[in-house]
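Heads up, the next two complexes both have chain A, just with different partners, chain B and then chain C.
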Partner chain A sequence: MASTRRQFLTSAAALSFVTIASQTYAQTISGALPWHPFAGDPPQPSLAGWYFFKPEEARVIEAIVDRLIPADDLSVGGRDAGCAAFIDRQLAGSFGNSSRLYTQGPYAKGTPTQGYQGEATPAMRYRAGLAAIDAYLRKNKNDRGFAQLNAQEQDDFLKTLEAGKVDLGAIDGKTLFDLFLQNTMEGFFADPVYGGNRDMVSWKMIGFPGARYDYRDHITKHNQRYPLGPVSITGAPDWSHKG
Partner chain B sequence: MKAIMKPSRIVAAVAALVVSAGIARAVELPFDQINAGRYQAALGDCAGCHTAPGGKPYAGGVSLETPFGTLVAPNITPDGATGIGTWSEADFRRALKQGIGHGGKRLYPAMPYTAYTKMTDSDVAALWAYFRTVQPVTNEVQSNRLPFPFNIRLLMAGWNWINFTPGDFKPDPKKTDEWNRGAYIVEAAGHCSVCHAPKSALGADKGGLTGTVLQGWFAPNITGNLHEGVGSWSAEEIVSYLKTGVGRGSIGSGPMREVIENSTSKMTDADLKAIAVYLKDLPASDKAAPTPVATDNPAMQTGARIYAVNCSACHNGDGSGQGALFPKLAGNSVVQQGDPTTLIHIVLAGSQGAVTAAAPTTPAMPSFAWRLTDQQVADVLTYVRNNWGNAAPPVAPDAVGKQRKNGS
Partner chain C sequence: MARKLPPKDVVIVGLGWTGAILAHELTETGLDVVAIERGPWRDTATDFNIGYMQDELRYAVRRDLFLQPAQEAMTMRNTTSQTALPMRDYGSFLPGTGVGGAGVHWNGHTWRFWQSDFETKSHLTQRYGEGRIADLQVQDWGVTYDEMESAYDRFEYLCGISGKAGNLNGNIQEGGNPFESARKREYPLPPMQMPYAPTLFAEGAKSVGYHPFPTPSANLSKSYVNPLGIAMGQCTMCGFCERFGCANYSKSSAQTTILPLLMRKSNFEARCNSEVLQVNLDGAGKMAKGVTYIDSSGVEWEQPAEMVLLCAYGLHNARLMMLSKIGKIYDPQTGEGTVGRNYCYQTNAGIQLFFEDKNFNPFIASGACGQTVDDFNGDAFDHGSLDFVGGAGINCIPTNGRPIGFRPTPPGTPRWGSAWKKATKDNYLSTLGFSSQGSSYAARGNYLDLDPTYKDRFGRPLLRMTFDFPDNDIRMSHWVSDRMVEIAKALKPKQYVEARRNKSWNSVPYQSTHNTGGAIMGADPKTSAVNKYLQSWDVPNVFVIGASAFPQNAGKNPTGTVGALAFHAADAIRNQYLRNPGAALVQA
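Moving on, here comes the complex of A and B:
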């Protein structure tokens, strides 16, 4: 397509504007590439205790993750897999405070595929959401919180929440349920260094060998089972031996 | 690389320089001699100690950690107050060949006068001519930071009496010119023994180039030993290693990386070949290859699993490495040194290849200190040292712990 004179003038003006406005230059590296001994920024393995949740919130979250992923023949439940600890660590960090997201207005309601588009950070949504659930249940379930319900009652409540049929006032129950489910699955399958997937339980269940660089030594071994067990960022139990 | 000036311009430049430095006499130095001196400075790796990283050339400031304490390489630019501007050529020759500086001050043998004593007078004269042309820099260096009693310079008179034999290099008439040229570079300006010779309790070379520990690294055996030394290397592989930093599946690391960058990569191919010929002909140390650690040893079994996850991506499952980028571990003589200090250092801290004109990519290995415990580092190294036909003593977790604590 031939450019018009107007297009040329506009782009020339834009070009000169860019040239004048930015006096930064591409960084030139000569000699060796930047490198430092002992460099590394590994994730810090989390210690015991709760970083974000108050004790009563932690009890509720543990009960929720244990209903979303109940213990069965295949694996331990979400509680024993550390899903609540994973969510706790995430809420205490950059996920919890949305520090790596654009969070300024305007706040339009998102489409279903866009998910939550509001102003609150995940940490605020968990805190307000758990408080709203607690208030709702105490009003409707004989002053009992989620952790005091039996398993059947817990499942029933979660199903109603997922169906968007629990009135939590200003909070959308379905969106809150989606957040819980999403983070519980992440905690179950993420690297154990982040607090969940304890002892790589989910990876053993599905036969995932961990984040390995490649499988070149095994590509030509057709119809043979991959022999190595899963490995975490922090290593694997079979990296240690006695004596 | 600086453009080479015409002789007439050099003389003029030197004259201008000397005048501006405040010395009221014009000196005429022939270009050929200055240029030859610049080459001698490369052979002797003067910059390795006397130029601080990012600092002005030869203005001093590199700290040398010795078993006796810290020494800092002095300013050797022709600055009158803080450099060697007031020295005479005779002072300079005496410092290099006898270890006695201006005004009779005893030098410490961290300055390798024990090797430079073998330099010919014409090479020393050329080096002197070159250093007269270096930009004078005012930089006061507190050189002697040794604790008592090592800070008494006169002690070195006694040290020299025991450990130092002054005298020129004596060519071996039974050998070729090339061999003798190699021997001269290795023993005199190149001062290879300063790192590669085992040391006595007094820190003196015990003879032979069978390797020793210094600054948290093990300078390897470079005798003709087939297992640990360079006996299995071809002359071309040695030349390639010294010229580019990469040779026979090895990549220079630690202090040798700096030697390659500042010194050997700037040598002529003929000189590098001469060094290779001489080293390969050095009497092999009599150390035989040990019996490899058995494959059913728990350390070997565990090491194999650690290797598969942490090392095989670059070094390959069969230890074959990747050309000039990732060292070949199988059959690598550096991997099989009796002393594992260098290997532990590289696994803990990581390493980066030398930057040379022929190999500017500087491939690097990351640090594994954050991921592997002392036991795991020891096991994976024991595995690497005893797999694919390699054989070397197992690595002890305590040795890893000690180096981790020392930051090396």
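Moving on, here comes the complex of A and C:
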């Protein structure tokens, strides 16, 4: 049988590649458990600035997330929590362009049980949706966009959008609202490494300890509040202070 | 044209749970084995990294470790009168990819099916008469529980399952599941320590006369060295379990129980980032010659082998058989054909209890730590006066408090704004949930075949799923939901909210990755695709291993039985097939 080949693989290296014309193809592993130092793929902390939104879009999204999650005695608002920045980064990446989804046609309207069958990616839905909202409001609200409305008007508009009662032409307002809401909540509750949930504000609010990973000493302390505050993947604020 | 590689004794398609077990068992006999896996190599230190594994957005919401629909999607519809459309994102179930398969990111509930589950048709017919199952297409498995007992035992000891026996050699054990079929010895490890929610649930269930016991778990209650000599650590109840790899070496998977030994064997090779396109048959279509696969740079390779084992996950096993023309595709009109037949799922429902004065610390959790009531599962209870067959386990297994996904609020709460925020904070720590996991019985119109329209990235037809919950299963689920309400009331919550199971099956919200059938086992080649050893009736040097073999699904998670079937098939290959390679182990 193929024993010579086998021996070659075992003795040559733990890890080898089937190589033809100096290109790397299928990874073949035999004879040992492969492992490389620093081969992990940690998340990249998000930097300042806007990656997807144009400045005027960013102002509207900041205003929207600040109504969905308003500042009150429980927490800062969605804007200060970084939800708009979070959404921006998501739309600039694989979520925004649907690159991991099945996007081949033909596209057809399905039953509710068949899930989203639209051709537009989230990035396209935000871009077109924000433009349609702006056009609608300028026509119906004295040429003001969402960011120019007062808080009460903003809430009223979001409620009608949520109820599917705003006519945005070809765009379904209700599903657009659902997308805004989904991403805003993701930003508020995700690890701060993605730009939202600044200072772990939502975790502190509800009592989620975040990335701690070991609760063995508290499993049977039934009905007792967990004593420690949250940590994120990037640590906790007090970790960065020396002494 | 595919480039031809040197031949192997055995080619295994997929290096997940079943592929790893078969690879280990067959390399022990000295055979030269290659496993071809379409996803990447994955190991704990690198890919389930303790520095950043606890990332809900990346792993649970964006699902970094799962099969991406861009790579392979499936189409679905509820009835044959509809046009199937692609699930553009997976939702209801989430297939795995990469070394370890879905076993990397499973919960770890590890069950045995019961004697009556293996003989579903004959047992139900005998007890309730033929008329009771007339609308269903339930079948016997062709194996008995007794034939499977030692295989279950081996899978449990491989994994280090933490649990309490309820029936040891016929003697009912205090604290275990009194309804289970007899096991020969205890679980390898004692049950996990119970957090508050399942403890309270068990008190409530007992107070109304039911028999709660600790759910058998592949999250380890203690450190453990398995029979292969591989060491695992104690579960820390980290709360990032299902959908995540375990950074603590505490969750049983190919990585933590088999690969450290398997990978060192010189007669084993793993080939990753390589997707098998088809099994190649000889001119007569009677024997497999090997497989063709395509690597990540688009180059096609032909891997000749004496034997092909499909270990690609049940649904993919069925599709690969169809694409390779192994057996005949099932036709729901005529009832003929076996590949794709008896696709089943799981019939689940839930209930949430809101309390004023309790703190459950929902984040102190693991994928499988909890309590189960099996009084209404399978045929543990008399269905004589009822209008259904089958049943459900009732499980209180709070798996996490990850806040993107877990934010219970009572009905009527707005979805945003200050009132939403207050309700979210008020209920986060003080809500308890439990659920029923019900059997899914085969029906003539539920099946798998190839989609006529939609193609994968190589232009090959996608798998098409036609499925809705049979009326029998809906009636069963509602009846068990009534039992859950009894338990809920005993716990005296401020409010309870039911999520009952109704038609139609919806592909969007997650339900379970317990897809069964499509290449079912049995005694008759007219109604089964593989024999009792999971050997194809049509191409005897192909074995098809996975939940694809289940003739119907019980009210239990499948992998205990999938793992046991893997050992069962391995034994048949080692002890019978290799003596006379190419011969059918059961005469049709």
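One rule holds for everything that comes next: the second predicted complex is superposed on the first by the 194 of 243 C-alpha atoms of A that agree within 3 Å, B and C clash if a C-alpha of one lies under 4 Å from a C-alpha of the other, contacts with A are read in each partner's own complex, and residues count from 1 in each chain.
Everything below uses one rule, namely that a residue touches a chain if its C-beta (ideal position, glycine included) is under 8 Å from a C-beta of that chain, and two chains touch if they have at least 3 such contacts.
Values in this document were obtained by computation on a predicted structure and should not be read as measured data.
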| item | value |
| --- | --- |
| Chain B versus chain C as contact partner of A:G40, first or second or both or neither | both |
| Contacts of A:A170 with chain B and chain C, given as first, second, both or neither | neither |
| Winner by number of chain A residues touched, once chain B and chain C are compared | C |
| Touching partner for A:G31 - first (chain B), second (chain C), both, neither | both |
| Chain B versus chain C as contact partner of A:F95, first or second or both or neither | second |
| Which superposed partner A:Y116 touches (first chain B, second chain C, both, neither) | second |
| Partner chain(s) touched by A:R216 [first = chain B, second = chain C, both, neither] | both |
| Partner chain in contact with A:L181 - chain B first, chain C second, else both or neither | second |
| Contacts of A:A48 with chain B and chain C, given as first, second, both or neither | neither |
| Which of chain B and chain C A:W239 touches, first, second, both or neither | first |
| Interface residues of chain A shared between complexes with chain B and chain C | 31-33, 35, 39-40, 42, 210, 212-214, 216, 233 |
| For the chain A and chain B complex, residues of the former touching the latter | 31-33, 35, 37-40, 42, 210, 212-214, 216-217, 228, 231, 233-236, 238-243 |
| Touch list for chain A against partner chain C, complex | 1-3, 5-7, 9-10, 18, 20, 23-36, 39-43, 67-70, 72, 74-75, 94-95, 98-104, 106, 108, 110-117, 155, 158, 162, 181, 184-186, 189-191, 193-194, 202-203, 205-216, 218-220, 222-226, 233 |
| Residue ranges of chain B touching chain A (in the complex, touch as defined) | 298-299, 301-302, 305-306, 308-309, 312-313, 316-317, 348-352, 355, 362, 364, 366-367, 369-373, 375-376, 379, 407 |
| In the complex, chain C residues that touch chain A | 3, 6-9, 32, 40-41, 43, 45-47, 49-58, 61-62, 68-70, 73, 76-78, 82-83, 85-89, 91, 193-196, 199, 234, 236-240, 247-248, 259-260, 263-274, 293, 295-297, 299, 301, 358-361, 363-364, 401-404, 407, 415-418, 421-422, 424-425, 428-429, 453-455, 504-508 |
